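Just below sit the structures, each encoded as structure tokens.
In what follows, subunit A forms one complex with subunit B and a second complex with subunit C.
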Partner chain A sequence: MSNTTTTTNIPDRSWTGRGLARERWHGYLFLAPTLLFLAAVIVLPLFHAFWTSFQRIRGLSSTFVGFANYVRVLEDEAFWHSLRVSLGFVSISVVAHVLLGLLLALALNKITFARTALRVLFLTPWMVAAAVGATIWLWLLEPQFGVINYILQSAGIISAPIAWLGTPGTAFAAVTTVEIWRGVPFIMLLTLAGLQTIPAEQYEAAEIDGATTWQKFRHITLPNLKYLLVVASTLDIINVVRHYDIIGIMTGGGPAGATEVLPALLYNTAFRANRFGEAAAIGVLLLSMVLVFAAMYLRITRVGQEDDRR
Partner chain B sequence: MNRTSPLGQAGLWITILIAAIVTVFPFYWMLNTALKPQSEVFLSPPAFYSANWSFDAFRTLLIERPFARYFLNSLIVSLGSTLLSVALATLAAYGFTRFHIKGAGALIVFLLFTKMLPETLLIIPYFRLMSELGLINSHISLILAYSSFALPFSVWMLIGFFRSIPLEIDEAAIVDGASRITTLWRVILPLARPGLVAVALFTFLISWNAYVWALVLTTDPSMFVLSVGIANMVGEYRVQWNELMAAAMIAAVPVMVMFAFLERHLVNALTAGAVKG
Partner chain C sequence: MSRNALLAAVAVIALAGPAAAQNRVTIQWQTPNLTEAQYEPIWKQTIAEFEAANPDVKVEPILVARRDHWTKFVASAQARQAPCVVAVDLTTAAAEGYLRPMDDLWAKEPASFRDAWAPEMLSAAKWEGKLYGLPNWGGTYAEVYNRELVEKAGLDPKNPPKTWDEYLRWAKALTGPDRWATSILGGKTDTTTRVLLTWIWGNGGEAFNADMTEATFAKNPKSLEAIKFYLGLFTKEGVASPAPTTTNYLEQTVLFAQGKIATMRNAYWSIAKVIGDNPAIEGKMFVAPMPANIPNAPTLASVSAHSISQSCRYPEQAWRFIKFDMDKKWAIQRAVKANWMPLRRDLVNEPELKADPMLAEFVRIGANARSYPLPHPAWADIAVNDIVDAVQKALLEPARTDEIFRDLDVRVTRKLRQ
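Our next item is the complex of A and B:
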């Protein structure tokens, strides 16, 4: 967590860092290739997406239709259904990520044996491609030969094999479980780094006062982690609300739209139904939701402000 | 410093054990299935360990299916976007950390913003623009697409590494008569090498792991990358699970190996410098 923030207190000398007076504008030369490239691969496509959202596209021809795509999307029950699915998917996943990530970080922080090895191990689901993770879970959940049905049947929890991805309720539970499995390590890692910044003296003082484990957690750990947990949750919401790969691989949004989160609705509208205008409109609406959380994130962390001061 | 009761210790290790099983079991099952001979894949009850190791699934993937080609495609586009991103990001990070840039804060926010864009929104214009340019089914379209998320990530991470190199080093080099480019190339880059390696590996990994871009921008099976090749097998009428798990291994194992070297840079990479301590 250190690299980006430790070196902002540069002594204010006229020469160093800000460059020689005669080369003041040279800095922009170093930035130019990146900025031009990003203009081409991000800004231009983004404008193109906005433009598409105001067009009706049939094959190669397109006509300007104003806000018709937005009206159509917002009048379509499928969009509101998808929004509700997203809301459920994101809130359950993020709450589970934070609770389990915190629990796991607290546990790892307590142990000294094999800590680094365990940390690497716990991070694997996050590092391996979501598409690959989802594929593995497809096999685990396979109705006839899948190992999860076998284990649950042997343990007497279920009496007959379940087609997990075949019915709406279990399909939603399944994709949410996989998202939780994938996302917990992210919160765990951030929390673990946060835990290590809490001064040991605070705990020592509390122990002298005879505080219980719960009291120490409630009055020292939690207040110290509050900022970090808020930031991490916001980032996690942004990551989960736009995530497509797991659902794309496992269900494609089905059955009966039960797992059709907004990115899945967007993909299906564009690439299955070939309605690019409406899909772009859904995308712009999704983007505006992401931006709300991005704005929250910026307010909390004040990213960028220290760079303006220099 | 933290004394824990025996009961607490037990609870601690039970928590860790359960988490470890949930984390690792899917990967164990991938390995277990990939190494099973065809005849044991559809056994009921399933074999939790089979001594009859078989590499038939891998052989089928590499000989009868175009997985060597998928692997090569993944490698080309991931390497391409990594080289492009790290080269541009090195210049940009040097500019950010060594010069007074008006509106640097706004640019940093812009970089952050690009990392938060929904990729499903961007694939629509990418698909349409690349179709018009005739670049569907080309490596270059994927390299450009991957660089759109790899470059902001690289810049963000490299700024962190470059800031940790004292500016006095640049000053000394320039006083000795070196130009800015020479300073960057001869003095700063060697110092930043561990950081550069970490950034390059992470950039490679996020490109390697990408899925939906290649799903949309490739239609010709000979241009599929690994993730799309795997997803394509999922859609087959009768899924050969041992082959599918072997394919998952081909995609996952390079990630796991690289990742073991990168672990200590992780917080910085996952948040790309976004969270302050």
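Our next item is the complex of A and C:
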């Protein structure tokens, strides 16, 4: 009884009623600048893109055409071709990023000599702006005067210069290789951080039990990195599927559409063909694909957090 | 001076200064050429002298690489923020509503000014009867040869090939280890299309019907024959440099400057670029009409015009700058230093222009030329996407050339009629 009396005399500081409402308003007030900024740079352009995808744009005039742009895009073989190119580009790039990133991280985790210098060195492709990296590769791969052909010819590996960006197969291989070169450090960095969180006691116990290097990797390293690798792969897919810069600079989507991933098709449709409505429709379709992977990412991270809490 | 008079003078200066600054307007100027080394000193001088003569106008050059020029223009035009003075694909830009008709400004000019442009030259800057640009320079395509390589191959520079058979004989003689007669242009720019058109016209073919409602790359047998011969220089004869699908103006001129190819089909401006890449080649080139299978075959004359964008807030000032840039002084400097052919007909007898034999030859060849770009709103798309894609596919799969260009006819005809 006395407890009840005491409680009623204390001012209302609980997270209910007017106090909570006031606190909430303060919270929204502090968040407002950020929310307004995000609305200006994300929500409005996104809304504009959706709106554009329902319009037939001719220069400065536009007409509402409903889903006609989507129908035209989906009926066009160029879209499905680009989708296939995108799938190939993303699959090969992400698998290579993860495998090479993991291998490099394992190696760097072991190395003690010049560790910092090596880490910086391996991070360089990621630190260089994609446009700059692509331009450097463009000249390295130049058929007549490029260093790559010069080295291969000097070593007797090839007898005549190869037009790396001139044929569909080699052009696709070249832009994928450059994407791999650029993307590996990101996965390496994440994996290296993950490796350093694995308790050393697990490896010590395994050594006492006589486990081989492979067994330690298979039963300790991989299970500990599993969550991180899945998250990193998902983030990498979201990242790579949107990439335009490397392909835009090196091939523009050519030759004959061999490297025309969806962002390249979008760019070419908008700025070469001047069909902004269709380009916006391609953008919305691309966004929906990215959202699928983003949903996967959110689900994986939520499950991971729940596992951590348990 | 009394204290009051001094204060009054200071007040006048203080008020007049900002007022003058407020009256000064800034106009932006964007062309694909402002980043080219040979033109830079000329345009800088043009702006400096214009601003000195027109203190109320400041000209801000927009430096953008050629490949990004159209993208930047369209993006700014869509935002209603396009530079006032631009040089763009005129028909496409006019049809899209990005340009302001200039007829009112043109009509106010005296006849002495207007007479400097031939009516057929002005027609290249019109769309649906309205004037959207003032042509200021152009480029006639011809065959440029490396005299040293020609002589080394035992050929006579005074007797260049006139027919395709003769050209092929020359091409075979000019091809050797790590060196080729020429380059096929197949990169993703409209230069690929320009050169292809010259080959088609040189065989008496046509790429389009008269009113540009139908594409006839495959439908016209002469056109298809020309395409096969031209692309066959790489795919069949092996006399063209490797990697044609990535070869554009830039690569072609570098190969020519380095002596890797002996001949290139190009405009007068390529000479300045080649000499810039390799000064030792100066004086070792000669130019001749393009070999053709028909008499008096037309060549291609690319026309560049200055326009005023629809979103320009200061059209009168923009027009003043365009007129200033069209002055004989700058036209002659552009011709002599950047190798851009002047389009004013009152410059034909200028001694400085007549003194350059190569320019004189280009002018002579250009007497029978068709203007480019072709007048259709979808031209920019067709020239850079559809035609280039077909050329690339045919270079990669020569056995399918007929089918590829038949598909091109269907695709382009659909676009022409939309």
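The rule is short, and it goes like this: the second predicted complex is superposed on the first by the 278 of 310 C-alpha atoms of A that agree within 3 Å, B and C clash if a C-alpha of one lies under 4 Å from a C-alpha of the other, contacts with A are read in each partner's own complex, and residues count from 1 in each chain.
Everything below uses one rule, namely that contacts are C-beta pairs under 8 Å (C-beta built on N, C-alpha and C of every residue); 3 or more make two chains touch, one makes a residue touch a chain.
Not measured: the values here are computed from a predicted model.
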Fit-or-clash call for subunit B and subunit C when the two complexes are aligned on subunit A: clash
Contacts of A:222 with subunit B and subunit C, given as first, second, both or neither: neither
Partner chain(s) touched by A:87 [first = subunit B, second = subunit C, both, neither]: neither
Subunit B versus subunit C as contact partner of A:74, first or second or both or neither: neither
Which of subunit B and subunit C A:271 touches, first, second, both or neither: both
First (subunit B), second (subunit C), both or neither touched by A:167: second
Subunit B versus subunit C as contact partner of A:61, first or second or both or neither: second
Contacts of A:143 with subunit B and subunit C, given as first, second, both or neither: second
Contacts of A:95 with subunit B and subunit C, given as first, second, both or neither: neither
Steric overlap of subunit C with subunit B in the superposed model, located at which of 5-13, 41-49 or 59-67: 59-67
Footprint overlap on subunit A, comparing subunit B with subunit C: 144-145, 271, 276
In the complex with subunit A, residue positions of subunit C that touch it: 70-71, 74-75, 77-78, 80, 92, 95-98, 186-188, 241-246, 254-255, 258, 260, 310, 380-381, 384-385, 388-389, 392-393, 395-396
Touching residues on subunit B, where the partner in the complex is subunit A: 1-2, 4, 8, 12-13, 15-16, 19-20, 22-24, 26-27, 29-30, 33, 41-46, 88-89, 91-92, 94-101, 103-110, 112-114, 116-129, 144-145, 147-148, 151-152, 155, 159-161, 163-164, 167-168, 170-171, 174, 180, 205, 208-212, 215-216, 227, 230-231, 234, 241, 244-245, 248, 251-252, 255-256, 259-260, 263, 266-268, 270-271, 273-277
For the subunit A and subunit B complex, residues of the former touching the latter: 1-8, 10, 15-20, 23-24, 26-31, 33-35, 37-38, 41-42, 44-46, 48-49, 52, 100, 103-104, 107-108, 110-111, 116, 118-133, 135-140, 142, 144-145, 147, 150, 154, 181, 185-186, 189-190, 193-194, 197, 200, 203-204, 213, 228, 231-232, 235, 238, 241-242, 244-245, 248-249, 263, 266-267, 270-271, 276, 279-280, 283-284, 286-287, 290-291, 294, 297-298, 301, 303-308, 310
Subunit A - residues contacting subunit C, complex: 58-61, 143-145, 160-161, 163, 165-168, 251-257, 268, 271-276
